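Please find one structure pasted underneath; my questions will follow.
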Amino acid sequence: MTSYLLRDVRPYGEAAVDVRLVDGRIAEIGTGLGDGDGRVLDGAGAVLLPGLVDLHTHLREPGREDAETVETGTLAAALGGFTAVHAMANTDPVADTAGVVEQVWRLGREAGHCDVAPVGAVTVGLGGEQMAELGTMADSAARVRVFSDDGHCVSDASLMRRALEYVKAFDGVIAQHAQEPRLTVGAQMNEGVTSSMLGLTGWPAVAEEAIIARDCLLAAHVDSRLHVCHVSTAGSVELLRWAKGKGWNVTAEVTPHHLLLTDDLARSYDPVFKVNPPLRSQTDVDALREGLADGTIDCVATDHAPHALEDKEAEWGAALPGMTGLETALGIVALTMVETGRLTWRQVAERMSSTPARIGRLDDGPQPQGRPIAVGEPANLCLVDPASTWTVDPRATASRSRNTPFAGRELPARVVATFLRGRPTVLDGKPA
Amino acid sequence: MPDALAEAGVRPVSGDPDAARAVLSAADVGRVVDRMAHEVLEKTRGAGDVVLLGIPTRGTSLARRLAGRVEAFAGIAVPTGSLDITLYRDDLRLKSPRALEATDVPSDGIDGKLVVLVDDVLFSGRTVRAALDALADLGRPRAVQLAVLVDRGHRELPIRADYVGKNIPTSLRETVHVLLTEHDGRDAVLLGPAAPGRDGGSAS
Amino acid sequence: MRRHLLSAADLSLEDATLVLDTAEELAQVSERTVKKLPTLRGRTVVNLFFEDSTRTRTSFELAAKRLSADVINFSAKGSSVSKGETLKDTALTLEAMGSDAVVIRHSWSGAPANLARWIRGSVVNAGDGTHEHPTQALLDAFTMRKRLGRIEGLAVTIVGDVLHSRVARSNVLLLSTLGADVTLVAPPTLLPVGVETWPASVSYDLDAVLPKSDVVMMLRVQRERMGPSGEKATAYFPSSREYSRRYGLDVRRALALADDAIVMHPGPMVRGMEIAPEVADGVRSTIVEQVANGVSVRMAVLYLLLGGAAPAIGAPDVGFDLAPPAPLTPPAQGRATPA
């Protein structure tokens, strides 16, 4: 029998209590609990959150193990307070068959740092032409519920409609990378004042918004679930607010980097700031924060996109888009949303744990994620010291890649410990 | 800042002019230039093929004054011009690149002519060395001579002047200020202590 | 410390004036029998051209040679660059060769800025993608000043594919620094989103602007802009006929110009498209002068960057950075403050 006593911790940042974990579950919550026979951790008033759940992670395995592996990516996730991540489908080979998704799922179990829920590709080879075997992936051991061609948009309206309809049979969801391809040929960064000066081809906000508007209408029409990946513009937030107002089944995520960074950073031409969708304007950043605060945007997802050095140490146009984010996500959310008074820790728990788990349908089944901190629930937890600041050092990451745009920034909310079903994956801020 | 002057350790009025004492008055400067003009006429046998090339900025003005006096004394119009030597300096790497002064060679050129280089102060000789290199790239004079208002000594190269307005023995800790009406509102040559932080003797 | 010339925005009014004044003096060298100065003896200048441009490369080469620098031409074609060597590898090679300056032409915007982080010497942008071409702007300004005696207050009209033109970007920046009034004329499809924030006016009507112009600069219009490989749907304008009818400088339009107005073109021209041959070869045209002035201006730039202990013009050092990316300044709490 393994047991831990977390002394003087504040669930959801509220009243301080002691929490006892026994055999993978939360056994007891109260004040002045006896030490018992397990290990005792002094929380010193740290915030206790349910283990974070990421709807959008690129683990790069199989195919680009030089950039990330399931092992390194999930360890980075655990260090960031995550107990489950959704692994995106754009691997090589593409996760468009039961074989590939089961392989990724199994690698996750073997690594043991956090649960890995594979995302299945919507179309064969992400080609945007032929629907992949979504049902087979849903029925596989990986129990896929989220389907996405992320990196590519399912731009064909008819195909998108069919996919939305088809996944209803197994309560799946299509997670759309909203990017109208014809409006973004050769696009390099947000289209605006900065792109005009830098001579980099623009990625206009309308290319995202047009797809979101279309997809909301399609989802409503076929009465299915739509999830919008990495919303990046103020206009998208408005469209989502409208769709939600209609009562349609639409959810959306925002990345930490879109909550903080703007396209001004491209002025350095440092491709560490190249990402898709691109960094936008301050107006967009403000609207995204507002949307996340009022629930228009349901959750935060990292879009952790590790890249090998040679793919980032290049000219802007030749570099690959993407940023790592698992280890910095909670710090950025604390910085932009909690310290500014936009979210309470309880709301952070919703937006980074229970809601993403529900969207991905991980909140149910034999090993549920995103459950509340309550007696009898699985002990998926993360302990955060909100006052402890740390400086982002790209060389000190568990990820195999170093492409963090936050290098040198001081962030609040250090993750002290992470528990996956009662077993620590992180202790003292280090891999357990 | 005129480079030729800087090189000669000369700072126009900057430095500390109050501490400087006059070595030549305005009237002295006029007399000296008159004498130099006579010497040029005499030594060049009438200045028939002479071209006066001043080294900017005060050298250029002096060249013009000499030409004016020669014309007054002998009725001969001597072509004058200016020769910027910045790009030929041997100390370019020691400072930030400097703005260039005008190079203005008379339209007939210098080939086969007797070029008299004119500068205000002769010090290390490095400016004149650079001027000789610059001249060689512009053409092939019959001969080159050198005229300076002040020779303060301390040569670092085997160079001497053909016409010297005044020899002023100096210490390396002193600075020579040449003032000309065209630039400074009055004519004078002052001798003073080196500007603070600057060793007047360090031929740059 | 200043080190590079990456953008026309790197030049203050004093810097730009210094370059033009220096070029003025250096122009004389081109008229002498001995067209050479010893100024950069022992310095090495690398021409790193990832894109073909005989005109610009030759101009830089001649400029460097007239100042007695050693010149290495490193062209992407036929070198290891075409075999997949990265820009960084190339930079390290040049670094090992001890180059004092790298003149770079690259098809990606920002490549000179990237290079500047990997080498210790000066980087001169000789045209990067659709970003900038600062020495072209300097030679254009030099040409205007020579022909018209001033730049401040001149009405300069830049016509054509502003969206894709590095020449336009650099000219707008430099000319506004120098006090000219710039007007951009193009079909709306060839103007970038955000152009309204540039220090320039915008018009769609060439005929309305021409009579008020002291300088008309025609930009090259690439035929690809009518749609790559026949893809008509991505065309920026319907046909070359329609383009030249609305935005070409033909003989009739040239008659509307003021008496002393000049016509410029950065070359290479598409005769008959953006400019009529009669106008290109006419007395107003400065096209040939521009080429000659290019050498003087590039000599000035090289002299002012390399001629002394430290550059006298240019952009602040972005830091030499071979391993991890430079840290950003931490943001003020709770506010997004992009560095």
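Observations, loosely collected:
Each chain gets a letter, A, B and C, in the order it is written, and its residues are counted from 1.
By definition in this document, a residue touches a chain if its C-beta (ideal position, glycine included) is under 8 Å from a C-beta of that chain, and two chains touch if they have at least 3 such contacts.
The model shown is predicted, which means the values in this text are computed figures rather than measured ones.
Arrangement of the chains shown, judged by which pairs touch: a linear chain-to-chain path with two open ends.
Core chain by CA centroid proximity to the global CA centroid: C. Here the spacing of chain B and chain C, counted between their Cα centres, is 40 Å.
Chain geometry summary: the mean Cα position of chain A and that of chain B are 75 Å apart.
Centre-to-centre spacing of chain A and chain C amounts to 43 Å, using the average Cα coordinate of each chain. Shared interface positions of chain A, i.e. residues touching 2 or more other chains, are not present. Note for the complex: chain C touches chain B at residues 18, 21-22, 25-26, 28, 32-34, 36-39, 67, 303-312. The touching residues of chain B, counted against chain C in their complex, run 84, 87-88, 92-103, 133, 136-139. Residue ranges of chain A in contact with chain C, taken from their complex: 182, 185, 188, 191-202, 204, 259-262, 264-265, 268-270, 272, 282, 285, 310, 313-318, 335-336, 339-340, 391, 394-395, 402, 406-410. Partner chain A is touched in their complex by these residues of chain C: 86-88, 106, 108-111, 113-114, 128-132, 166, 169, 192-195, 197-198, 233-234, 318, 324-331, 333-334, 336, 338-339.
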